[in-house]
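Both complexes shown next keep subunit A, but they swap its partner, so subunit B is in the first and subunit C is in the second.
== the complex of A and B ==
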């Protein structure tokens, strides 16, 4: 809203666009993208009640998962066999479930509705009139959308994680250094999340019937990210693939650092993988978009 | 869209399947047992969803933009109108995959199927369908009072059948009571499955599925009526 008003005002003072001084704000693109980020963020965090009820849902969900894991780790037939849990203990798994629910909030499960509406209605044409790069604009919007649930929905989940009795509690990190690296990993997860959702927006721009398949990819990404089950508990033969595939950085890699299930000497790998994949998604998406925009057909009148 | 629903159905229990593959059965609770209970719940959910799809988008499509005013003007039941406002045939994918899963589990558990048992299965699926219809109706009825932040209702819809992932003897009493007496999801999944396969629950508990479904649906309809009376148009 804020940005639009400003755009109008400038139109009034400089109708022909001949005076470059009127565009000083847009001469610094960084500022414009930060403004976009701020608008989207403020818009999404204003629904405090929605965030809190969402947190209640997540907490309920976590508790059910903890029950199921506890049953497996306590009563299953093979539980005494060596290596059955691939190096994860029950308390680590419980901590994993709490933190995974928190990180899940950043992950895209659908398109940013604003962007999807623009793609479907042809308003992308209007977006193209803005003196901004469309890809960066979408990335900024998606980046804001990814972090905005963390405040009203994410913080209550973490607080709830410290309250229950020890068997259900979110445990402390493996070491202070592990915690620092985990925080870096979370930033990596955030970058990965918004670069992937931006990438899919670009894909959606290219395929007019693309909603269904894209939702499948969103879902698949969340499964491969380790939200449903810690990747270490997947079958052993899949482990190398699961570690290197793009979506491990969503949840699993940062949490391996927090829980200490992977030696800290491997931290460079765990931290650089999401950055590598984010770069792939951003560059590929940008190329796809520029190719597409050369021949774009705007739908709607 | 149909492959999309299939993917949802397959990915939902994948966590359980991987855990069973790694940890083995829990006593006599094998993967097939858990899958059977789960797929009974999900088939019932799918059946209800096929017919009650309109309630899913009701808060966004009808209450938020005042479309519901038009529904109120027509001389027909509001429930039926909302129910029929959206119909997606692809939702039947969940029913289909649920049925396949039920058949596979029964075959793996080597339960001989007699006509009577098939009838019993259909009976309990019917109960489950009515129950989930009730869930859909009251969860969307809440939007008469609040149109934002309806996500917690997933505890009772999608989250509800997740509860069936936990083997019954190990389920905390509180959880068991909530999902037997408050929202009788276990009454339409676990108890019928237990009677069907002879896991030790008495027959009358299995037969409670249909009354439980009807009871829940009627309560929801009452709540819906209460909500309609409190409806205030948001449209212009």
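== the complex of A and C ==
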């Protein structure tokens, strides 16, 4: 039923006609979650100075990584071709490092502070006073929080990537098609990132003993996502596991597409994996949350 | 049928505790002592549409728990609750679409964005059509004087300003029931008075049922026709404030200022329970149920050189304190 009709119908049935909001069955429309996304996004992009200084840190970190990789690639023993390790050349690795630093910004390294504060203080109760689905609400908030750093922190990193001399530069994509698939992969990474952070928020809601273990899981996810070391450079026997585990979609899969280090015929698999894992996290998280909300204790007076 | 009906609601919490000391702290790693706290014991009442009910009780009595049960946040172990024909915790979303909640100590506005943005978010959450939203926002803006606050981020508002915005936020979707949990806590006198005035008007003009939990008895006196008292999880009193006063605060006070220092005569009028004289101020306590005040005044006027005389009720705070004491709640 359209929401306006809902109002009209109720105006007839409500004796005083004073309360058009007294519809019989109500759930917030999808638009509400978009509005949540919007407001959280606007809230996050206010911090321009913090974003820019963060970008400076990131760029510095990228440069250090490039130095380290250059040393390894130049002096390593078991390089199959000169300058190539496990199917990745040095220049590909340099591009990888730049883009990984960009994609890292979407990845959850801690809880959304708004949500964490509400879990800890018991304000989750206030959220429950809205006709919304709490899980979708959190997902919308986390989705906004994942994408908002890309503006003030992400764009400067990319720009900086094009400036240095060729040996340090962010190279072009393998092909226009590869670039397109990479963009799709980035969207997949975004969905995976906020699905997982939402899932961990639900886990946090279920465990009263604090944040430490969750932070370790966040970090583990980033390592398995290929943020710190491209997954292709890990030992061969681990490759099947690394490709199928949930977090490859964070960084590694989109970048394989960009760099062309994987045949394009496998692209469908690469792009469906993050979606599959996102669905698992969202579904599982929703179930956990609904079970939890039945027994929730809202602390404080 | 009443708009709000609670029957036999019981809710308990499990609280973990541990004795002091290192040994106990170590032990608690493996085994935790817990005990059960009965927050609500067979609470039951019903409230009709348009009533303005004060819900009072000492800290930890179960006020907030009751409000949380009624707003669908907590599920009680036992009992039934029907609000607008729904069970809050079973049909939470539909239920909360028809209620508004204001928590004095918690904010429901978005901290970093202008109030207007929070309001628009609520518009989308409650699916309020644009024309009705504009109309309602205009109404609330006028009544609560929000004009200048709408464009300011919430974090920069003073507590009084924020509270006005919170109340407006809770009423945007025209709820039929409004729960107010200590709405005037921390407010200055002017803000308190204007907030009370607004709530009263909203109740009269729009017929919004309001349930107010508070420790500020002036709130109750100014607003509530009906008072419920809860203590140790039980409903102890349910009736008018007047009856409550007659039961727990029957003693009134006469305060007289005398023209000159005098020796007090031996035989005072009957009905005065105790008295004292401090300089030129004479104070006497009497029971208003057995002794009409005007008789005492005329008797005193004959005995003493009166300059001024005032009859006072016990303050509501004193009354509540004596009630808590007599019910063994404090």
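FYI, the second predicted complex is superposed on the first by the 268 of 301 C-alpha atoms of A that agree within 3 Å, B and C clash if a C-alpha of one lies under 4 Å from a C-alpha of the other, contacts with A are read in each partner's own complex, and residues count from 1 in each chain.
Assume contacts are C-beta pairs under 8 Å (C-beta built on N, C-alpha and C of every residue); 3 or more make two chains touch, one makes a residue touch a chain.
Bear in mind that the values here come from a model prediction, so they are computed numbers and not experimental data.
S.K.: Who does A:71 touch here: subunit B (first), subunit C (second), both, or neither?
M.R.: first
S.K.: Which of the two partners, first being subunit B and second being subunit C, lies in contact with A:39: first, second, both, or neither?
M.R.: second
S.K.: Given the touch rule stated above, what does A:241 touch, subunit B (first), subunit C (second), both, or neither?
M.R.: Neither: A:241 stays clear of subunit B and subunit C.
S.K.: Just subunit B (first), just subunit C (second), both, or neither: which does A:29 touch?
M.R.: Only subunit C; A:29 stays clear of subunit B.
S.K.: Does subunit B (first) or subunit C (second) touch A:54, or do both, or does neither?
M.R.: The first partner, subunit B, only.
S.K.: Between subunit B (first) and subunit C (second), which does A:162 come into contact with in this model arrangement: first, second, both, or neither?
M.R.: neither
S.K.: Contact-wise, after the overlay, does A:129 reach subunit B, subunit C, both or neither (first, second, both, neither)?
M.R.: second
S.K.: Applying the touch criterion given at the start, work out whether A:268 contacts subunit B, subunit C, both or neither, answering first, second, both or neither.
M.R.: Neither: A:268 stays clear of subunit B and subunit C.
S.K.: Which subunit A residues come up in both lists, the one for subunit B and the one for subunit C?
M.R.: On subunit A, the subunit B and subunit C contacts do not overlap at all.
S.K.: Provide the residue numbers of subunit C that touch subunit A in the complex, in ascending order.
M.R.: 13, 59-60, 63-64, 68, 71-75, 84, 92-94, 96-99, 101, 103, 105-106, 108, 110-113, 117-118, 120-121, 124-129, 132, 173-176, 206-207
S.K.: For a test of understanding, state which residues of subunit A touch subunit B in their complex under the given definition.
M.R.: Counting only subunit A, the residues touching subunit B are 47, 49-54, 56-57, 60-61, 64, 67-69, 71-73, 75-79, 84-86, 212-213, 215-216, 219-220, 223, 228-229, 233-235.
S.K.: Of all residues in subunit A, which touch subunit C in the complex?
M.R.: Checking each residue of subunit A against subunit C gives 3-4, 6-7, 16, 18-29, 31-32, 34-36, 39, 42-43, 46, 121, 123, 125-126, 128-133, 294-298, 300-301.
S.K.: Given the complex with subunit A, which residues does subunit B contribute to the contact?
M.R.: 1, 3-4, 7-8, 11, 14-16, 18-19, 21-27, 146, 148-152, 154-155, 159, 162-163, 165-167, 170-172, 175
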